[in-house]
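So that you can tell them apart, the chains are marked A, B, C and D in the order they are listed, and the count of residues begins at 1 in each.
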Amino acid sequence: MTSYVLTFSCLDRPGIVAKVTSLIAQHSGNITSAQQFNDPATGRFFMRVVFDMANVETFSASLSSIAQELSFDWRMRDVAKRKRVLILVSKFDHCLLDLLYRVRIGELRMDVVSVVSNHSRESLKLSNLHGATFHHLPITRSTKLDQELQLRNLIEETGADFVILARYMQILSDSMAQWLEGRCINIHHSFLPGFKGARPYHQAHERGVKMIGATAHFVTGDLDEGPIIAQNVEPITHRDTPAMLIAKGRAIEQRVLASAVGALIEDRVFLNGRRTVVFD
Amino acid sequence: MTSYVLTFSCLDRPGIVAKVTSLIAQHSGNITSAQQFNDPATGRFFMRVVFDMANVETFSASLSSIAQELSFDWRMRDVAKRKRVLILVSKFDHCLLDLLYRVRIGELRMDVVSVVSNHSRESLKLSNLHGATFHHLPITRSTKLDQELQLRNLIEETGADFVILARYMQILSDSMAQWLEGRCINIHHSFLPGFKGARPYHQAHERGVKMIGATAHFVTGDLDEGPIIAQNVEPITHRDTPAMLIAKGRAIEQRVLASAVGALIEDRVFLNGRRTVVFD
Amino acid sequence: MTSYVLTFSCLDRPGIVAKVTSLIAQHSGNITSAQQFNDPATGRFFMRVVFDMANVETFSASLSSIAQELSFDWRMRDVAKRKRVLILVSKFDHCLLDLLYRVRIGELRMDVVSVVSNHSRESLKLSNLHGATFHHLPITRSTKLDQELQLRNLIEETGADFVILARYMQILSDSMAQWLEGRCINIHHSFLPGFKGARPYHQAHERGVKMIGATAHFVTGDLDEGPIIAQNVEPITHRDTPAMLIAKGRAIEQRVLASAVGALIEDRVFLNGRRTVVFD
Amino acid sequence: MTSYVLTFSCLDRPGIVAKVTSLIAQHSGNITSAQQFNDPATGRFFMRVVFDMANVETFSASLSSIAQELSFDWRMRDVAKRKRVLILVSKFDHCLLDLLYRVRIGELRMDVVSVVSNHSRESLKLSNLHGATFHHLPITRSTKLDQELQLRNLIEETGADFVILARYMQILSDSMAQWLEGRCINIHHSFLPGFKGARPYHQAHERGVKMIGATAHFVTGDLDEGPIIAQNVEPITHRDTPAMLIAKGRAIEQRVLASAVGALIEDRVFLNGRRTVVFD
């Protein structure tokens, strides 16, 4: 018996769950976990089913015809097959360190196939990439398209399922963002209220906010505005200097990004227009 | 079309979801929400399905035979039908106040049929019970069984679905607790580490804990040890006196109890041995 | 012996703490609590001292001359003397209810001298104002200045120390806001990112945020932009409808406003330019 | 001008703050931060003052005589002088990794002089100790006292100010704990309610708790019962397996320990009987 995770979304209509779960039962599959969500706002239906099955061939064929009938796209994956991930980073490597460690202790079950930076290897404080190949792809305004082409080739060569911007301080071009749609996530600071422009922690300090946070989201053309996957915050006080805010911000960024990556590699995240559905 | 919520749990086996959801589809029902959980530790399966259906009669009959076949108990309820709730209280009425207010603004969709206290009406700071009948059922060591009998009669007469101990400072007898199993919840303070005995906030202060919290749980024979439904905490500091801990504790108790009651009246809570399953 | 709280702020310079605390010692006062903060960003110094003293007359006189020398304003208050508070409200009264209850159980040590609404008494769900006088001061675009004049008279007549906008859905005029500077606080929702305009919870839902929160702040000309006193947030999920966000928002608003009011009436809040200093 | 941090605690009496701050002023020092706490429960007074001063010699001498007069112990430290820290670890190195990283990025301003484990270097997943010397001090029931003697020598040789048990799975002997009193902290899991014995996360899962947490505390003879410095928790659900609890627990342990270590090396932690005073 092998364990599979099946995910799909479609317009809601009566009988979807019945059809899919009956099909699994007919092929002697046993559902071990299932989550679904009907969004009353958009009329869309989202489902994630984990099941054990001996032979998935004929099941796949039958599922295809149901999918055609109900017009939905589906993905099915052997749970044991680890996702391949490429991580982009600039100079700050606290998120990279955190992700690599969680991989190493088995918390994040994924393979980091490559670490790419627009700065040289020496710019990273991190001493060990634990098997991930490092690529230095410098970027200037005039070489941006070239660099993105190299990056694109690298993503294709390595067969990366996901790209993680782990404090990568470059805005992807619209075409690159579009090409990566649904496969690329970013982490950035978040405040109540928010701030545009440079040195956000200094702005937050100047404005006297009492909480700071971070947001992990899908990358779209607009860098910090894609569908949100995870958020978290921490309280701060008048004693916190900008330097202390930055330090606290790092810790929040680490755990918010790790949480979003965990959801992503376990197929628990769905795009739902400008929003996401994230199953626990 | 009427909206129903169906809940059941049974030993896990292949095909359960398929059978139930197919039956809903056959009776032209449309599932608007479904949650399920397979507990690998106990082998039990839990499901909550909300669906719209025009006529539920023949569906109920068919469901009964499936339930017999898979040997599970099920409950089905018209979503619009409000749960009836009896609230027990002693002198501290902050939880009672909070529950009544959440009922009044429509956040908790339930009917408070009766408020019962072992103290007189005058002992409550609360000025208005908003239609709930007040019953004074005093208790002494020697009248405990009598009082519980009166309480039992009251629960039956009022047709209460649930009993909420909203800071009721009496321990129910074993037989009473057993009679109310799965229908009665309690709120109590919680600390890291925990403390037994009187004046727990003073003990927590004396021990110098840095967080205090509250736990809402099903009542069993052992007052503070039943299956946990909800918990929450707040940070405290060395500046917090016992009086401040008590004040903070009140706020936590209010919101933890409200959260547990909300889950209960929406049929989102299942007993699972010593634990609970609480769907979001 | 009477307990006093002394608060002041001034430009930082060597010897301030020594001068003030020596003066207290010379007058046989005993400091029971003191907090101070030197803001490196603005060069300002903030201090709050609580002390017991038998006779405060000569101490006050000496303090005045030190204050003149170091050019700072100071306030000193008998700790037992309760602050007088006027609460403004529109139709939503969950914050009003929460404040009145915390007053009643002794958690907030203040006197609510008046409750003012731009709607009639019947618009409030709350049944009992516990001694606070209710004033209906309706407002239209053309009567705004008149209404604010009435409000101003009422604040003066009642001798209110603070005005709390407890979900008062009117923007104060610039002149009114200026007149109330440092004496008036407001509560409003806060999101990551923030949203302008109507129906913010619907906007937050549409945008798919994963946390919602509330901010209590001093009122300035710009309604939601004054110096922040307290903030808090709660996690939400894709399952939360706008109605659920509004319900969760209410609970957050209650506890953030109560926290800010508590700090204010205990003289723990200082204005520091666009920011605040809030001692624990 | 050099920046110093002065800390002391004594029985509370009038004039202490005045005496100490006047002395600083007399020696042309400028206070940049001060925190104090009078514990009404124990009658003790705690103070931490940070000040800039050109020449600290004569000030120290005068302070000594005040200290003798008021019978208190004091410590004064050049803020720029980094604390020396020795870290003890067994096989789980997530806390060690986290501490070393925070040192490297400048968040924790301390020198890790030595990493000691009862297991071999190969047992650690961590690839780089960034300059800290590794010592393998194996331990068995019969060699415990010997091992602790070696450890004691190492602490003395390296001049370590603090010892951090970063998931060191050995209980220190009473004499060792006593020798390290106030200089040694430990991190351990915390639950609501707590659990004794082996495999605590499995016990917490079995009991169905809805929150898990961690506690950082001073080490005393009773391993998990010393004065608490920091605590934190996270919510969990019925879906969390013991493995997921352990993973979440790791993240909480990391940030609670880092928070406690940060407070310790900045002289913000005081012992207060069975409790602590931790200034922000």
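Keep in mind that, in the parts below, a contact is a pair of C-beta atoms (placed from the backbone, for glycine too) under 8 Å apart; a residue touches a chain by one contact, two chains touch by 3 or more.
Listed by chain with UniProt protein names: A, B, C, D = Formyltetrahydrofolate deformylase.
Everything numeric in this text was worked out from a predicted model, so none of it was measured.
Enquirer: Applying the touch definition from the top, give me the chains sitting in contact with each of chain A and chain B.
Expert: C, D
Enquirer: Decide which interface, B-D or C-D, involves more C-beta pairs in contact, and give its chain pair.
Expert: B-D
Enquirer: List the centre-to-centre spacing of chain C and chain D in whole Å, with centres computed as mean CA coordinates.
Expert: Centre separation, chain C to chain D: 36 Å.
Enquirer: What's the distance between the Cα centroids of chain B and chain D, rounded to whole Å?
Expert: 41
Enquirer: Give me the residues of chain D that touch two or more other chains.
Expert: Those would be 37, 40, 237, 239, 280.
Enquirer: So in the complex, which bits of chain A are touching chain B?
Expert: Listed in rising order, the residues of chain A that touch chain B are 12-19, 21-25, 28-38, 40, 280.
Enquirer: State the interface residues of chain B toward chain C in the complex, per the touch definition above.
Expert: The contact residues of chain B facing chain C are 94, 97, 101, 104-105, 107, 125, 127-128, 130, 237, 239, 247, 250-251, 255, 258, 280.
Enquirer: Using the touch definition up top, name the residues of chain C that touch chain A in the complex.
Expert: These residues of chain C touch chain A: 37, 39-41, 190-194, 205-211, 213, 215, 227-233, 235, 237-239, 241, 272, 274-278.
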